[in-house]
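The two complexes that follow have chain A in common; it is paired with chain B in the first and with chain C in the second.
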Partner chain A sequence: MNRFIQYSITFFAWISGIILVASLTLLLAFLIYKGIGSLNLFLIFGETKPMDVLLMRKEVLDGLFPAIVGTILLITASIVWAIPIGVASGIYLAEYCNLRWKPFFNFMLDLLAGVPSILVGLFGFSLSIFLHRHLSEHIYPCFLISSMALACLVLPYIIRTTEQALVNLPFSVKTTGLALGASRLQNILFILIPYNLSRIISGIILAIGRCAEDTAVIMLTGVVAMAGIPHSLLAKYEALPFYIFYISSDYNSQEELMKGFGACIILLAVCAVFFTLANILKRKAEIRFATRL
Partner chain B sequence: MLPAYRRDAAVKESKIRIDGLKFYYKKRMVLKEINGELEEGAITTIVGPSGVGKTTLLMVLNRLYESMPDCRVKGRVEMKLNGRYVDIHKLPVTLLRKQIGMVFQVPNPLPMSIYKNVAFPLKLANVKDKIIIEERIQEALIDAFLWDEVKDRLNRSALELSGGQQQRLCIARAMIMRPEVLLLDEPTSSLDMEAALKITRLLVDLKKRCTLVVVSHYADLTRRISDHVLTLKDGYLSTNSKMMAATEKNNPTEDIEYGYAKNQGAWNCQKLSK
Partner chain C sequence: MKPFIEKCAEKGFLFSAIVSASITILILSFMIFFSFPIFKAGDIAAFFTLEWNPYEGKFGILPMMAGTGIIASLALFIATPFGIGCSAIISVFSKGSSGRFLRKVVEFMTGIPTVIYGFVAIFLLVPFIREIFKKGTGMCVLSASIMLAILILPTIVLFLSDAFNSVPKSYIDAADSLGATPAQKLVYVIIPYAWKGIISGLVLAAGRAVGDTLIALMIAGNALQIPTGLDDAARTLTSHIALIIASDYESPEFKSIFLCGLILFAFTILIVLIMRSLGYFKILGKR
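On to the complex of A and B.
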């Protein structure tokens, strides 16, 4: 190949990497610069004493604490829905699916991955109205509906990463267990999944990120500005991304806007905690797979 | 019972009988008409040019081909189990694969400890008793000439072992279920000479415990320790008596070691027979 082209491709690759890292750093620096001033216990707990809140003695009325708890619960619930369904679907697509049906399923999956989040939200909203009319008067848009709709939104990430991880395994690995007398299910559980755990967890991390940031879905399915910590699955709740959204769209003073920046930093921290947890789990599982029975 | 004209006079007691076996990959016929018998407690080597379907034939014997898409098999393969010949396609596949162990061309230890690797088939068979597991591990590793090298580091990763040790580990892993047949797909071709020699000597020893079927290319060592050599060519299998010369000696490995010592010059017989 032409030398010039070679060099320019290398140059372009370097520049892209640098721009990416630089913009991310800039973004984080900007957030921290703006938000660090408002980041204190008052922002989280308001006028209430932190110990009272943590021991569930009093509710926080003017702090972010309910929103933080809401986001954490929401991410956990959505992931709890999405992991078993997603991993199982991925395994089905990679191992069991009939070759004739596979293109159909793949098409549907791509379609699901391409659905804008506001549509998923709308679907959740319609579902809650349907259930309200036909099942029970007590069902409104709520935490349960939100978490299920979010799970739908992130399912494609988990399904795809699981499926790709399994499909791309070399034939020799796939047959190792089978040749030793493993049944198909044993092969999947004892070899294929442990082999691919780190990739599957990467998919889950992507899904966690998406759950944490999504506003459109929860806006239509039950998040409100002032609800406190949800007391049941059918209750309304608060969430950080929604707080950030409304504070930035109608703030009354500069101070309120600064609170929004503080909330951004907290949201990032929540995500970081989840990612770290996922990585620790991954490390633990790898070690368990590698050492003595 | 096979008709008389199909029987191989050299085979005394057959462990596996193949009758009119055809193998299709998609529309292509890879194995056209395979007939033959594999002698019990002997080493049968299958040789042939590459791409002719030797590995495929092994995969038919333990039905591993079933995990590949677009494969079809016609014909009958019978294995002697408890004195009776059973059609392998009528056995539950997991049971069959516990009776017929397989070792691949490239050693494929799982990324776990040595202990876990060897114990893996027991885990699949739901054996929970620790004492039995440890007994069987020791037995299998001794069978595979690996015990002395690894007995102090069973908890270390199997991937730390050398290529030859990994291959012997795979043999131990296959032997832990006490299979009646062991299939080996060019077991020495990815190894250096010394490791290959060790494996070859091991195979002669394993003959006491099970029937061995080895796929090998022409220049391989294993051909010289085999009791029967079958040639696979153009989708047909035939016996090849010319290649059996080495088997008439009492101690075939000695012959190999001597041969290598002579050919290589640098090989030291003393060291090898240690």
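On to the complex of A and C.
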């Protein structure tokens, strides 16, 4: 290979790295430049006094407050669905599943992890039609359906991190408890899980971040642009990512657009915090292994 | 602990695993259940036609399939060279601080919500593209492909740099002792060794590009036509599902979105099977 080709390969690699960093910087700088001016209490609470809102005396009509609360409630509900099923499935795959069934579960989970999120949304939507026809006339796409569909979306993340956290333990850790007479369940609950808890939690936090940012699932399962804070599980609701999507196609004034940019910054900050937290926990788990082994 | 509790716990774990696995089956069966009337009526061929015109009873989904195919492959075409370049920096050219920094940046990109990419693109990229083509709204195949390329780039880079790093150290040492430059190592040692990883990374990225909804929905223009140029507006299967959802439950339009869903599901199965045949048995990428 002659010099020139070598130099051009190296040059191209560095250029692509620089373009990547530059385009990301441009994107974030543009967002912050446009949105920083609208970041204040008015953006969140509108004309209403913050104290009145927090004490639930008044509803916010022109602020982001209902969307933020909607997103928080949605995350909580989905995670409440997903954690028990996800962690339990992860434990089953890591500790109990025999080799005959493992390929089946792996294939199904790979598929679930790979299905486009809009299909998970479509699934939630068709589930609500199905329940509407066969169970109760009152069921439409709503908060409950959304949280269930979102739980399906993040389930593979929780299952896989739990499984990995348990499988990748050193042999000595896995067997010491059993050698001392602990039962299989005791070994899992009191030794294996506590030993690698931070890794499991990092998976859960990553799942929370996915719940916070997802738009495709919720736009099919009951999120709307104006609903206020949901008062029941069967009510429509607002959410931050959908608000951003809605504003982008349907803004009436420059002011509304600025609110969209403000909402973007809030959502980005929330996701960045979750993401960093998950990574810190993951790194902590890795470092602990490196030093103990 | 009592044997009874042990047994219960084991059954509980098994039950959860069955629930998780059955969600996949449930998704597929709902798609089939709701698109079943089409198959029964026997007019399935009518859906694979070119024209979408509800007023004349024409519900061809071919334009959406073409839109998905064109936008996704263009995005992959743009992202691949950049992806290989960036992962080469991370695992070959700069193992030091700049490579680590680049990897951190790419990891951070996986955490940025898709809707934010779309939102910024509308006000930053779309006006720019509009200026270049001097026609239309700027919401076109090219804008969507560029943004989609940025979206799938982290998937490619993280997968490829792991594949590059999996080359045994003895190979690298041998190349080093023969006096190979980093560029020679990349071309003669690392890429031939890691080609399976490279293909898998690109397949996974293709899956993401096809499955993404928001970018195409926000900036591809959503026109019901087969795009003929980079400046044409187009609609993808995913954004078609998102756009039609509001209509009447019994209408053929509505049934057609489940057909779109089935096609996307079949594509996912294909991706997973390819990944498995290349030796990757546990796949977890961001959608």
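By our rule, the second predicted complex is superposed on the first by the 237 of 293 C-alpha atoms of A that agree within 3 Å, B and C clash if a C-alpha of one lies under 4 Å from a C-alpha of the other, contacts with A are read in each partner's own complex, and residues count from 1 in each chain.
Note that in this section contacts are C-beta pairs under 8 Å (C-beta built on N, C-alpha and C of every residue); 3 or more make two chains touch, one makes a residue touch a chain.
Only a predicted model underlies this, so the values are computations on that prediction, with no experimental measurement involved.
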| item | value |
| --- | --- |
| Touched partner set for A:Val173, first chain B, second chain C, both or neither | first |
| Which superposed partner A:Ile191 touches (first chain B, second chain C, both, neither) | first |
| Partner chain(s) touched by A:Leu99 [first = chain B, second = chain C, both, neither] | first |
| Partner chain(s) touched by A:Gly262 [first = chain B, second = chain C, both, neither] | neither |
| Which partner, chain B or chain C, touches more chain A residues | C |
| Chain B versus chain C as contact partner of A:Ile85, first or second or both or neither | second |
| Touched partner set for A:Gly63, first chain B, second chain C, both or neither | neither |
| Partner chain(s) touched by A:Ser183 [first = chain B, second = chain C, both, neither] | both |
| Chain B versus chain C as contact partner of A:Gly222, first or second or both or neither | neither |
| Chain B and chain C footprints on chain A, overlapping residues | 183, 186 |
| Complex contact set, residues of chain C against chain A | 1, 5-6, 9-10, 12-17, 19-21, 23-27, 30-31, 33-34, 81-82, 84-86, 88-89, 92-93, 98, 102, 105-120, 122-124, 150, 153, 181-184, 186-188, 207, 210-214, 218, 238, 241-242, 245, 249, 257-258, 261, 264-265, 268-269, 271-272, 275-276, 281-287 |
| Parts of chain A lying in touch with chain C, wherever the complex brings them together | 1, 5-7, 9-10, 12-17, 19-21, 23-24, 26-27, 30-31, 34, 84-86, 88-89, 91-93, 95-97, 104-123, 125-127, 129-130, 152-153, 155-157, 159-160, 183-186, 209-210, 212-213, 215-216, 219-220, 241, 244-245, 247-249, 260-261, 264, 267-268, 271-272, 274-275, 279 |
| Contact footprint of chain A on chain B as seen in their complex | 62, 64, 67-69, 94-95, 97-98, 101-102, 104, 106, 108, 110-113, 115-116, 119-121, 123-125, 133, 154-155, 157, 173-174, 177 |
| Chain A residues touching chain B - in the complex, by the definition given at the top | 99, 171-183, 186, 190-191, 195, 289-293 |
